[in-house]
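The structures considered in this document are given below.
In the two complexes that follow, chain A is the common piece, with chain B as its partner first and chain C second.
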Partner chain A sequence: MSGHNIKFNKEKLDKIATDVLKPLGFNGAFKVWMSFLTVALLACLYAYSIQYREGLIVTGMRDMVSWGMYIANFVFFVATALVGMLISGVIGLLGYKWIKPITRIAEIIAVAFAAVAGLVIVSDMGRPERLLHVFMYGRVQSPILWDVTVVTTYLVISTLLYLLPLIPDLAIARGRGHEMPKWQAKIYELLSFNWTHHPKQYQLLFKSTRLLFILVIPTAFAIHTVTSWLLAVNSRSGWDSTIFGPYFLTGAFVTGMAAVVIAVFFFRNSYKLREYLDDSLFDKMGKLLEFVCVVYFYFNLNEFVVPAYKMKEFDAVHIHELFVGKHAIMFWFSQICGLIIPMIILLWKPFRKPVPLFIISLFVIVGAWLKRYIIVIPTMEHPFLPIQNLPNEWIVYSPTVIETMVTIGSIIMGVMIISVLAKLFPVIPIWEMAEEEDQNEDKTTKII
Partner chain B sequence: MSSEQSNKSNAPKKSKGLNSRRDFMRKIGLIGAAATTGAVSSGFTSSSSANNEYVKVLTSDNKLVEIPKSQVQEVKLNTAALQSRGRIGIPGKRWVMVIDLAKCRNARECIKGCQEHHHLHPYQYHINTLVMQDNPQSAPYNMPKPCMHCDNPPCVSVCPVDATFKRQDGVVLIDNERCIGCRFCMAACPYSVRVFNWEEPFQAQLYKEEPMEYDVETNIPQKKGTITKCLFSADCLRDGELPTCVRACPNEVFYFGDQNEDAVTNGTTRQTVVLSELLEKNAGYRLMEELGTKPRVYYLPPKDRVFETPEKPDNHHS
Partner chain C sequence: MRRYYTTLILSVCAVFGLSAQSTWSVPQDQKEKLNTIEFTESMEKSGADVFAGKCKVCHGVPGQNNFNALLNPSPGDPAGDKFQKNTDGELFYKISEGRVTMPSFKTALSKDDIWNIIAYVRSFNPTYVQETSEKIETNIPEGTQLAMDISYNTDKDVVEVLLTGTLNDITNPVGGVNIKLMAQRYFGNLQIDEAKSTNKRGIATFSWNKELPGDSLGNIELMASFVDSDIYGPLSSEKKLVIGKPNNNPPLNKGRAMWNTVKKAPLWIIIGYTGAVLIVWIFIFYVLFSLKNIFALGKESISEDEKLI
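Right, the complex of A and B next:
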């Protein structure tokens, strides 16, 4: 979308602006929803305060399983955040226009999950008050430094990719005298940067977002590859894998797509945006989900079948635990219900209708969370040397109530960020939707 | 640091904080060194005593001189000085440990001594004795497992804040004033030797009653939310003494020494032998050589055992 002159259809713009701006504003229902979330979050913060005071003893982690649910949840959050790059970066740069209505929703998810991922990792630290040590004494050979660098970079780029295309929309809302409280009007005024819809401004906007789309791709690859390396650089069986980078990356696309489908389904109904978030869009999203599922399935095949064929001593223990051992239910649920069944049934069009796709996505996202859990924990449960002379509860990991609450708290925070952004600013890019399509747009058939 | 340690018994050091004469002399030497090199002297807290007697002191260049007692200042190293000294290590040394598996009867004296020395909870092990069985046909044996003090330590590579580090004398230490508690080093260590302070340390009450300077070479006081690990008793090494576990063993299991001198001393018999010969003759090996960690701890295989076969180990994978 670079370089071309922008043309608006006045009538179309009018209608879209009215429809998209209508559900905005902190109405009664929103306030109830937010108070509910706030109360729940406060309970979770209280749980964290106990952990802060007593130490990590209040979690289920011990010397053998020294990373638990927090790290699994961190991987999940980073994974979900990656969808911003998939939608706007990869699919957008390839020239597909159908993503227009969901680009902003994807960016909201990217921003919210990337921001909370940083907090999740802090909740895992034994000495969170020493966070600054990472910047004061940071050593570049540690993958944690790489992770901090790239997650921050990704958060910055994603925030820019959210805010920049928002500028014309905020100007449109102001220009139309859309009713809003004073403070909100002030934010709109600040963030619309005196936008006058001048073609030169649009040129600048196209150029800068295009540059960011290009930059976000390697950054997103980096964040999830580095996140996988937090595990893969260790020699333990189950993590000692050369394909962990792409395996995590493709898994992230699956998780992120499911999250976007869920969010889009929600806005379609509660914001009454069926006209823009229509069945054909869900069909396309379903096809994209199918595609990323197939790729992820391929990596799963490699990750599990190859060691399962060789059955080297420690790999055998790991595979046994996953396939028929104590993690079998979780493993097979995430593989079958969270990946294989969705991958098969999405081939048929009826399953790519909004409601079925929404339900499939719920399974996919739950499966994805469990998958992160069984990537992190089983490996820690069987180190190379035998575990002896330790109290029994120190050997088997089971998350405690406090740990679970802190984890739920992180999810609540993500949902809160999404809720606020979605009520504060338009969730569909008005100006992009109102833009007149070029008549001589290439009419060749596209796969998705 | 140390108290009267003239009797080289198997008992680990117990009392702390009393300044023996030797200790005192050592510190005077340190002041001399600091003065001649113009190095930090701010790291010392001092208190002077007025008296007209003369005392003999040894300078850092080995001269015995007599000075008025009033000029002598008692010094205690503070945390920063202990840290900077502890990070460098002891010049010219390459510490190495040899564990004779044929001798270990699982007396667990090494564990007791170590836990006392480093103020550990009963469930925290800097050194742990495991029952190992290499294959279904071979007999089980006891294997003391300290930190391997690898020359290519995965824990040090992954530490984001340089809290755990490798010294020039081969020892891997942890600075719990620096540690952020991310536990990446625990995940990275293939020998599972690292220990975390999940709760308040065992001696938390003592620390409250008698605040003490943090010594990176003993990792005392322990701190909640930070890592602790086997330190090869770096404080003992500085005092020219064998590590606590080595001295505590009643069964001649441990040898400890300097690889540069090619000599190791048995902690029980106090007999010093040639390291290379000991390893050659007894087919010494290191744990998980294939991982490339290059441990500084060698094992002698459990051949011609002196102990009764322990019970078969629990299957840790169950």
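Right, the complex of A and C next:
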């Protein structure tokens, strides 16, 4: 791979750079959008300040259901963050070229969601000021510590995977005298690391990113497997499952793919990048989404049909609640609208066109969020030892307004990070797109 | 739904627990236990409150046969024959101790509460006539200071409790008093032998099983107390004797274990965790180092034919 010699198509580079750099900059519309988000975020932060002052009693969580919407939301964030690994790591290493224009978008999502996931966990803490104790007194035997470790590591790797391929682009932008405010120019200068397009620099860059691509795969597997273990190491119906790791991981691919489709659809239209984010790209993304949906469906089949066939006494209660009980609507919505229908209709090409795919992805992502809720809360409601004489509101969990606002706040934060990054730096890797296609297939980065 | 669920769990426990037929035997001395005062209407009333709060879920309202029939063994209607055939002492014992699905209320309710419940339950039984225990006259003169001493008789391999009484500076053995002996265990106490009465020499004798595990030296902490603490007072005596089997099992938190502190975590988990973290971070630092090199390369000049852009 050190034999990977890069060559640019100069005209192509010219055109791409112009197109991709044009929508950048904090223009008026962006400012309006950000002020809207800021105001909404402030309202949510206010809700959090109440929780900080009063404690977790302001949430719907009580002794019996002590993991609520926050944990479900955390799992959702971690899941979505995983897409960076799927796109750049897995699909990239397999040698597929069509992902080039969306690698950076996937990485932005990974960075934003991994960063916010950490905050979401803090919001679930009763005494967040003691966060440091996790590191000071953490027990290496506890999956919680593993989770903290892998989330941080994944965030670092994803950030590097975002920043490294950005370096040549920043240099290109500077070299072309792209107009920008002083502070932004300063950032560009800092982050372009003295980049002169020296071939040796490219060699180093290739080597580093390739290393990261390989590294990000086990890390991402670890992050979501460990997250699943937070639940699966408990002997409770609904969690006590040996396939929880892969079940979560494949679920994460579905969520992440949907998030990428939504983001790509958005940039395609508002950044006027239809030429690069074209219909054939959506067709490919649709196929990938279809593929991960099928795999996830397979795991769902195992996860629910096997216990439902056996109906062991405690599982029976749990399954009953999900299939026909209190959580049935949410369960079937997430399964049918968020997984089965998308999986079926994506088989037809017209549904893989941008607009239908975008709509399908919206359903998938909403279904995915609800699915996390379904995984966390119902199990909590069925402990093995029934706790006697509890007031009803301690047994049945329903999130409070404050809790919901804090959760919405986390989503807003994620969107804000994405918005800022996407206006600050090019969303499509200019230099990679302008790279001259290698005539000799064998020399490309395909590993298989 | 919740009710169905509770029932399901409870009956599962019950099926595994024991068969319904086995009788619930109550120790003789407990059976004969009586309240010292007569039940009053106000006792029945407060008993009714406690019953509604703690017992109704399973036993229903007395006399209405609406107890939870799915439970096995059946809790039964408190106004029914089976229930009422119990002596007051038996009721007191069963409520205090519980059995399988019938919870133990020893710690949840005070003695008075339990007597109140019995008063309430008895109010459904028209044929019930209460017997009260008389204040028992003891042969111990008023003002006597009682003392107990535990010792081990190596000849006979028995534990002896000597009860003495001191009055006007004269100490005499006290006979005819029931004493029980307990050995301290991890979670609660173990009764040794049955309750025994002191003999003429003031000695109550308890047979001893030398196989009972003690601490690492064979120490066993013994406690003697009166069976009828209502009469003789709450006096008890404790003593550590080297009469148990030395127990050299390491404590559960001694070795490396999943449940132990970080320092005593299993090696494989420490190695696995730190190893994985180290490997990944070494590579991350390697990449950061490459960035430095990239920066340095920026100062090198590029020959014309190498120029890419």
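The rule we apply is simple: the second predicted complex is superposed on the first by the 438 of 448 C-alpha atoms of A that agree within 3 Å, B and C clash if a C-alpha of one lies under 4 Å from a C-alpha of the other, contacts with A are read in each partner's own complex, and residues count from 1 in each chain.
By our rule, contacts are C-beta pairs under 8 Å (C-beta built on N, C-alpha and C of every residue); 3 or more make two chains touch, one makes a residue touch a chain.
Quick caveat: nothing in here was measured; it's all calculated off a predicted structure.
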Based on the superposition on chain A, does the combination of chain B and chain C result in a clash or a fit?
clash
For A:Gln141, select first, second, both or neither according to whether it touches chain B, chain C, the two together, or no partner.
both
Looking at the overlay, does A:Val317 come into contact with chain B only (first), chain C only (second), both, or neither?
both
Does the superposition put A:Ile408 against chain B (first), chain C (second), both, or neither?
neither
Which of the two partners, first being chain B and second being chain C, lies in contact with A:Leu45: first, second, both, or neither?
neither
Could you look at A:Ile57 and tell me whether it touches chain B, chain C, both or neither (first, second, both, neither)?
first
Which of the two partners, first being chain B and second being chain C, lies in contact with A:Met330: first, second, both, or neither?
neither
Report for A:Ile359: first if it touches chain B alone, second if chain C alone, otherwise both or neither.
neither
Have a look at where A:Trp195 lands relative to chain B and chain C in the superposition and call it first, second, both or neither.
second
Tell me which partner A:Val295 touches in the superposition: chain B (first), chain C (second), both or neither.
neither
After superposing on chain A, which of these stretches of chain C ends up overlapping chain B: 92-100, 146-154 or 164-172?
92-100
So which positions on chain A get touched by both chain B and chain C?
137-139, 141, 317, 382, 386, 388-389
Which positions of chain C touch chain A when the two form their complex?
1-2, 5-6, 8-9, 12, 53, 57, 258-262, 265-266, 269-270, 273-274, 276-277, 280-281, 283-284, 286-288, 290-291, 293-300, 302, 306-309
Residue ranges of chain A touching chain C (in the complex, touch as defined):
6-8, 10, 13, 137-141, 146, 149, 153, 156-157, 160, 164, 167, 172, 175, 193-202, 204-205, 207-208, 211-212, 215, 218-219, 222, 313, 317, 325-326, 382, 386, 388-389, 395
With touch defined as at the start, can you tell me which chain B residues reach chain A in the complex?
123-125, 128-132, 145, 154, 157-163, 178-184, 186-188, 190-192, 194-200, 224-226, 288, 291, 313-314, 316-317
Would you mind writing out the residues of chain A in touch with chain B in their complex?
54-57, 61-64, 66-67, 124-128, 130-131, 133-134, 136-139, 141-145, 148, 230-231, 233-236, 317, 320-321, 380, 382-391, 394
